[in-house]
Every structure is written in C-alpha cells, then in structure tokens.
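Listed below are the structures to be examined.
Here come two complexes built around chain A, the first alongside chain B, the second alongside chain C.
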Partner chain A sequence: MNPTVESLRRAFGTKIERALVSCGQTVVYVDRVSVREILRWLKETPEEDYDFLVDVTAVEYRDPEPPLEVVYQLRSLKRGAELRVKAELPKDRALEVDSVVPLWRAADWLEREVYDMFGITFRDHPDLRRLLMWETYAEGYPLRKDFPLRGRFSRAEQVRQALAANPEAHYSLEELSIAQRQYDLPSDMRERLERGERGTVPEPGRRDDG
Partner chain B sequence: MGEKRTVELDLATTGADAAGRPVRVPLGVSGTGEPDLAAEHMLLNVGPQHPATHGVLRLVVELDGEVVRRVVPHIGYLHSGFEKLGEYRFYNQIIPLTDRTDYLAPMANNVGLAMAAEQLMGIEITERCKVLRVVACEISRIISHLVWLGTTAIDIGAFTPFLWTFQEREKAYNLQEAWTGARLTTSLTRVGGMMADVPDGFVEALRTFCREFPPVLDEVDRLLTRNAIWISRTQGIGPMTSEEAVNYGLSGPMLRASGVPYDVRKDRPYLDYETYDFDVPVGEHGDVYDRYLVRMEEMRQSVRIIEQALDRLPDGPLNAQDPRVILPPKSAAMNDMESMIFHFKQVMEGVRAPVGEVYFAIENGKGELGYYFVSDGTAKPVRWRIRPPSLLNIAALPKMAEGHLFADLIAINASVDIVMGEIDR
Partner chain C sequence: MGLGRVDDAGGAGAGRAVVGQVSPNWVTTRLDFLVNWARSNSMWPMPFGTACCAIEFMATAASRYDLSRFGMERMGYTPRQADVLICAGRLPFKLAPVIRRIYEQMPQPKWVISMGACASSGGIFDTYAMTQGIDTVVPVDVYVPGCPPRPEGLLYGILLLHKKVMGETMADAELRKERWLEPGQLRIPARLVDELSEPFGNSIQQTRSA
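The block that comes next holds the complex of A and B.
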C-alpha cells in the first residue's frame, strides 16, 4: 500500500475513511466534504507532491445500494507515485462535491464531463456547463445506471425534437451574452441568462492559473 | 474611443449611395454605411465543419481586429457513448470500440485496452506477444505523427510535406493492413494475446520501411526546420510553461515540449519498454515549434524501437496458454469436447474479471491514454473510463490562443494534435 495513506491518516484522522489495494494500486476513500482540503494537502505537501491530476471521473454500481463515487487519479511526476482518491456520494442526498479547479485547471473539463454524464454538481466550478451533450439536452445523465442504453426518448421523439430545435440553442448562454443577441432566445433560456443562473466564462485578463 | 462593445455583424447586402458608390446596407437595421469595426469585438464561429479544426471541433472566437480575445471550444459532435456501450459488453467485445476512439492510432488503443483487462484479470502474456505489441504501438505512433505533420504543415501553408508524409503513412498502413486486414478497424489484440500473428514477409517489409522512412523524414526536416516562414509562424506561438502544462494536465508531446520529461514508456514502463534503448525528446519553450521538433524526433525514436523489437522477436506461442481466456483453435473446438466447452463458455458467458479496479495507461501518439476498469466480478465491466489525452490537451486551447492572431489560433490548434473520436468518445 502507498505510504501516503498513513500520512493522510495522521494528518486527517477520521476524514480518511478506508483504504484498499486493487491490482497493486492504492485506493483511498475520503470524506466527501473535505475532498478539496485533502487534495490540496496532497498537492502542496512537499513530501507528497502529487502535482499531476491524471483524471477525474465517477462510478455508479449496478447494485442500487452503494453510493456514487467521484474518482481522482493523482500522480507525482517527480516521485513516480500514484494514488486514487475516492469520495462517496450517497444517492439520497444532493450529489455535490467541491470543485478542484482552483488546484488544477485540468479538472475544468473533466468535472464538466462528470456533471454532464452523472449529474454530480461541483461547487465553485467556474463554468459548470454540459460538455459533450448540448445545453438543452433533456433526457438526463447518460452514464447513470438508470439511463437506458438507447436513451429515454423514443426514436420518433428524438427526431421530433431535433427537427423542432432552435438553432440558437446551439450557442451557449455565455456566447449569447457576448453577442447581446438575447432577443430571439426562447423565453426560459433568456430568463435563466438574465438571472445569471449558470457560471460565466472568465474575462480574458482575469484568467489566472494556479 | 470608449469601452469596446461586442456584437455579431448583422447580415448586410450590397447597395449604392446617392452618388452611385457601392455600400453595404445592413439588413433589418435602419441607416446605411459600414459598421464601426474598430469599436467592436467580433464574434466568429469556426467549425464544426471547418477543415482547419481537424474534425468536428467548433470554436467560438471573440476577436478584437485580428487578435483573439477569447476562445470557447465546443465538443460533443462525435459523441457516441462508448463508455456506456462498454458496460454492456464482454472485455473482448470492447476492443472494436477502441478502434474508433483514436482512429489515427487504433492498434495502440487495442493494446492499451487488452493490457488493462489483463492487469485486472491477472493474466501473463507471452514474450512474442509483448514484442509484437511494441511493434504495433510504435507503428501507430508513426502513423499518428505523420498525419499530424502533414495536416499541420498544410494549416500553416506548406503543402509539400503533406504529400510526402501521407505517402509514408500509406506504406505503414499497408503493413497494418497486411497484419490485421483493416486500415482503421484493426481490433488487433485479444485479452491474453493477439488476434493474429504477423503474416509471412511482414518482418522484412517492416525492416524495409524502417530503412526507407527516415530519409523521407530528413527531407521534411530540411524543408521545414530551418525554413524562415515555418519558424516565424511557429516560434513563440501558443507557449505553455512547464508549470502550466502540468497544471492543465497536458500529456505526451504537448507536455514534453514544455520541458517536462515525462513519458509513460520510461516512467511507468509496460511491455518491457525499459529494456529498449530509446531517447525521450524534451522541448524548452513549449511553443508550436518545439512541439513540432519533439514529434519529429519521436518518429525517429519509434523507428529505433521497431528495429530493436524486430531483432529480438522471439519464436514461441503468441497467446497465453490459458483456455479460460483464449479461444481454442477452430479444429480443436470442433473435435475435442473440452475445447468445445471452453469455446462455448467464452462466447456465451464471456470471461469473468475478479472484483476490483485498475487504471492502466500507455503512451500513445497523442499523450497518456488511460483505461480505467471497475469490475463487480461479472464478465462485463461496471465502468469503463477512457482517459483521453486529446481532451485534456485541447482544453488548454483557450489559454494558449488568447492574445495571439487568429491565424496563429489555427497553428496552435493544429499543434495540439487532436482526434475528435477520442475527445467526444
């Protein structure tokens, strides 16, 4: 087992829930509320130095009982060490976890994809929009186990929606806010835009990197 | 001039003013005359059907004159739900899906997937299989880089390298076709072995390729590397420092061009890569030019690796001697009761993987290609995740392109070397 687990236990106590080794790779389960704090510690502690975020993804099991898992695959480029950190999100509560974009810009699109495919919300993400599916996609979250392989809507309904689609819907709210072309938007999108419901694209000058 | 306002240009039609001079008359707006371009930012849509976006990538670009102020990439036009499909398939049935992710290097994808499943199931592969997989990975890298080199040169305005590189790529594709029977949908590997051994004459043909390919590469090198136009279009364009490259999760040639000497083949060796003698080129400035140099050198190193692999190619069995995972030969399955049972169980029930999970990464042409499997003990994975190198590399495009000219955005986008099948999956 990766010695980092012991250091984590010393530093965070009960926030480190359990750890196991699978196929020679260490997996550590942490408290979902403290994910960012723990990952920041792993990144910034010189002895650990997990500076590279390889991947962020999520897992849902076929059995409906176990919680969803958010998976962070970490690596220390200098030490050559790898660690997989998981946070469990019970299905009966809000699927929310802190974003790690402040630590790694790499998490930006990875978290957007998890949000898109699993419906997990990342708090403080600067631009949490769907990544692969389109903004007005209404069928739900495709990688959830309750999502049928062929989609929720019938083929006829999918065709009907495609033909009835408003081409403006293919621009994101952020771009339309750039263009100030809000007047021919569907009213619900315009209202959301005016309320500022979704995140905004950062201004060019403000894009600082951690 | 006050603060700049961003509008889309209204559609305009041509007309004439009272003196008969031609003017553009905006549609649906009263008044005539040109819009005041200097006072506005322009919003420009590039793609998804634009030849310079290398696939169905769509970029919404905010321009101040010719200077890029902001880029918002849009992806998902090629989304096929591969990860979802994988949850409904046996491990061997997932291999054809990997052909279609990074479709410029399908053999390397096949190898990565088979090795991830083997690590999950604890299967040892034979020596011959290991060496042939190295050959497959390196041919894929050469093909992938050749496509990159040719298309990038075209994007920047040099047409000839495209013809030369695609000729060489055709030769590599002929080898691939002789081996796998396919140019794109190779499905070369199986869990525990390979779909097929190399055909007669393959080794000699590959040696010929390894002899004749580097001189062509040298010609491209002579044409571009010290070419004043090429240098002025690429040096200092889209730079990423090493800290930024690590923070943005770049991998492969993108990461190494920024001065981070990380190569999965060296740092987390698989397929006995640690026993091969090859160098990992590392750039200094992280700009388009360094990415070009890194990929050029990687192709030469791949040739070195292929030559070493061919020298050591051992005889012996190709597939693991495990009747639970490797299909018996057809003659045995038809004549021998036990073989028939194994055949039946594999085809009907698949191969069960133990409960567990594995993340396995290979270095393919684009960067670190990772496969993450979670198994609940059945013959189909609970979760199959592809860690796509192109996705993370292209996510840094807005950062790289801001403040550059629009023409440089095309060069930067080309230098990332994306393949949309992998980004959208």
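The block that comes next holds the complex of A and C.
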C-alpha cells in the first residue's frame, strides 16, 4: 500500500472512501465532489509531489448497479511513485466531476475523450467538445454499456449524418481564426496568444530574413 | 440536423447508358483504343492510406514489386493530379466526407480501387464508427480482397482496372458524367446502403449489449 494513502486520510478524513492494492498498484477511491481539491493537494504537497498526470479515463461495469468511475493515474517523476485515484459517479445522478485542467494541461484532451466516450461532464473545462467522434454526432456515448456495438441509427442514416458533417468542424474557433486571419484577431485572443498560450504569433509586417 | 434528401439515383432514368451524338464506328473504336491504351498505361494513383493496407501499398510501390512497371510510379499526393484513388484501409465515418471531397476534387477520367477487406466491406470493424465499405460513399471500380492483400493482389487489381479501362468507350456519354452531391446526400439509395452494410460471416454472431 502506497504510504500516500495514510497522508491522504490524515489530510482529508472521510473524503477518502477506501483504498486497495490491485496488481501492485494502489487505488484510492475519493469523494467525487472534492476530486480537484484532493488532486491539487497530491500535486502541490512537497512530500507527495505527484507532478505527472499519466491518464484520465473512465470505467463502466457490466452490471447496472455499480457506479461509473473516473480514473486518474498519477505519477511522481522525482520519487518514482504511482497512485491511482478513482471517483465514483452514481448513475442516478448527473455524471459530473470537476475538471483538472487547471492542474495539468494534459487533462484537456483526456477529459474531452472521456466526455466523448462516456458522457461525463467536466465542470470548468475550457473547451469541452467531442474529441474522437465529430461534434454533431447524435447517437450517444459509444463506450457506455447501453450503447449497441453498431450504433443506434441505421447504416444509411449513419452514412448520411457522417457525410453531412463538415470535416473542418473539429477545429476550435480559435484555431480557425488563427489559420485564416492571423493578423487581425480580437485583442483579448491576441493577448492570450502573445502570452504563449497556444504558441507564438509572428508580428505583422515583420519578415524573418534569416 | 436535417435528415436531408434521400438519394434516388437508382430510380428510373439514372444509370442507363445513353449513346450520345456519336454512334460507335471504326474511327471511334480505334480512337477509344488509343485513348484507353494511353490512359491505362499512365495512371497516377492518389494513395488514401488509412491503415495497414497502406504498408502493402508501399511495398507494391517499392523496388521489388515496382508499381512503375505499370506507369504508376508518380504518386499524386494531390487529388487534382491523380487518376486512381486507392483507398488502402478502413474508412471511419469521420473520414467519409473527406474521401468524398477528395474524389470530387479529382478530374475526370478517374477510377477508384478499394484495397483490402475493410475498405471493401468494413472487414472486422462492424462497429458504430466504420463505414461498411467505401462504396457507400464513392463509386468503386475494383475491389481487392485480402487482409491486407499482398502486393501481387493489388497488382492483379490494377491489371483488372487496366482491362476495365480498355473496355471503355467515348460513345457512352454517361460514363464520365459528374454527379454533384450535397453534404449529407447519399450516392446510392438508403435501402442499398443498409443492404450493403448487413453483417455477414462471423459478424452475425457478435453479441449486442442492447
């Protein structure tokens, strides 16, 4: 058992629900409303220092009773320690959990994928859109157990909807505006870009002769 | 999303060969032979490699099998300079509008080779995400079976296409007619798409969870 579990229990008490070891991997179940708080503590406490988010994914079990689980696989690059944190989402309530993008930028696409495949909503995610399926996909969430393998619609309807999708629609508005009108973006977007949020923008009129 | 128009190309009036102003005679058939001989011996492929079939396609193009023996060494990585669209690999629904646009961008005369089981029928991917054969999206001239086909198989398909091209005639005015399809419009009747997508072989045994 990873000693982090004891520290977690001391710091958060009943918010840490149960812990077990599976195949040598410590799994901690935590309260679903305090996921971000607990993960922030794990990341920012110097003794824990779980600085690397390996994966965010979700699990749904075959039987209808067990809740869905959101799984966070953490790793401390300095200490070499690993920890798996799970939050259980009962099916009779809204499938919602706080986004951890403020903690790890890596969570952005991982959470989008979980949203795409399981329909779990991540609160405060900056850009929660489908990642793998196209954005107008209307058949539901493919990795849920109630989703038929071949999809819900007839094949003809699936082909028709796929052909109606715009292949360029998976870019965010921001990306499209950068591609098309690099030099006259709105000032706030320009400011964010100049801060380096999505790479750098070349200055207008200046040419790199080197 | 609107459901769009149901395509009725299979109805009366479409698909019949209309002999234009020219009726076949000695001059046209000799000219046909010359034109078809030139076309079939200099086809520029547009590789649309989406999966492992593309590896076999590369092997076909490489020195041992040497696609250039058939006048195909010049890969047209732009559809505007290509004659044969070779779909090497499975076609997910998300790529369906892409391959249609590529096909529409190719100038006449143009042909399509569907390489491998997945491109021809969906293969083992009888799932929510995969078109069950690219012929539900673009017209196909030659199907090459195999998973993936060996280079000999692809070469045989190409030779079959040569044979098909040698049989074409300018007297057939419908042959090179472009059809402009709206986004979301099916190429063939919806009923036919469903029929082509029927599960077969082992696929009918698969369990459905709903």
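Following the convention adopted for this analysis, the second predicted complex is superposed on the first by the 160 of 210 C-alpha atoms of A that agree within 3 Å, B and C clash if a C-alpha of one lies under 4 Å from a C-alpha of the other, contacts with A are read in each partner's own complex, and residues count from 1 in each chain.
As a convention for this text, contacts are C-beta pairs under 8 Å (C-beta built on N, C-alpha and C of every residue); 3 or more make two chains touch, one makes a residue touch a chain.
Please read all numbers here as calculations on a predicted model, not as lab measurements.
Asker: By the touch definition at the top of the document, which applies to A:Arg123: first (chain B), second (chain C), both, or neither?
Answerer: Neither partner.
Asker: Give the label of whichever partner, chain B or chain C, reaches more residues of chain A.
Answerer: When the residues of chain A touched by each partner are counted, B comes out ahead.
Asker: Tell me the contact category for A:Leu77 with respect to chain B and chain C: first, second, both or neither.
Answerer: A:Leu77 sits against chain B, while chain C stays out of touch.
Asker: Go through the superposed model and pick first if A:Leu149 touches only chain B, second if only chain C, both, or neither.
Answerer: After superposing on A, A:Leu149 lies in contact with both chain B and chain C.
Asker: Check whether A:Trp104 is in contact with chain B, with chain C, with both or with neither, and answer first, second, both or neither.
Answerer: first
Asker: Output check: A:Trp134 vs chain B and chain C. Expected answer is one of first, second, both, neither. What do you get?
Answerer: both
Asker: Is A:Ala162 in contact with chain B, with chain C, with both, or with neither (first, second, both, neither)?
Answerer: A:Ala162 contacts chain C only, not chain B.
Asker: If you stack the two complexes on chain A, which partner ends up touching A:Ser22: first (chain B), second (chain C), both, or neither?
Answerer: Only chain B; A:Ser22 stays clear of chain C.
Asker: Would you check which partner chain A:Thr57 touches, where first means chain B only, second means chain C only, and both and neither mean what they say?
Answerer: Only chain B is touched by A:Thr57; chain C is not.
Asker: Do chain B and chain C land on any of the same chain A residues, and which?
Answerer: Of chain A, residues 132-134, 142, 147, 149 contact chain B in one complex and chain C in the other.
Asker: Can you list the residues on chain A that touch chain B in the complex?
Answerer: So the residues of chain A in touch with chain B come to 22-23, 25, 27, 51-55, 57, 59-63, 71, 73, 77, 80, 82, 84, 104-110, 113, 117, 130-134, 142-143, 147, 149, 171-172, 174-175, 178-181, 201, 204, 207, 209-210.
Asker: What part of chain A is in contact with chain C in the complex they form?
Answerer: 132-134, 136, 138-139, 142, 145-151, 154-167
Asker: Which of the residues in chain C come into contact with chain A in the complex?
Answerer: Result: residues 1, 3-4, 93-94, 96-98, 100-101, 126-129, 131-132, 136-137, 181, 183-186, 190-191, 193-194, 196-197, 199, 206-210 of chain C touch chain A.
Asker: So in the complex, which bits of chain B are touching chain A?
Answerer: 5-8, 41, 43, 60, 62, 69-70, 72, 74-76, 79, 81, 83-85, 88, 119-120, 122, 244, 246-249, 260, 262, 267-268, 356-359, 361, 368, 370, 372, 374, 376, 382-383, 385, 387, 391-392, 395-396, 398-399, 402-403, 424-425
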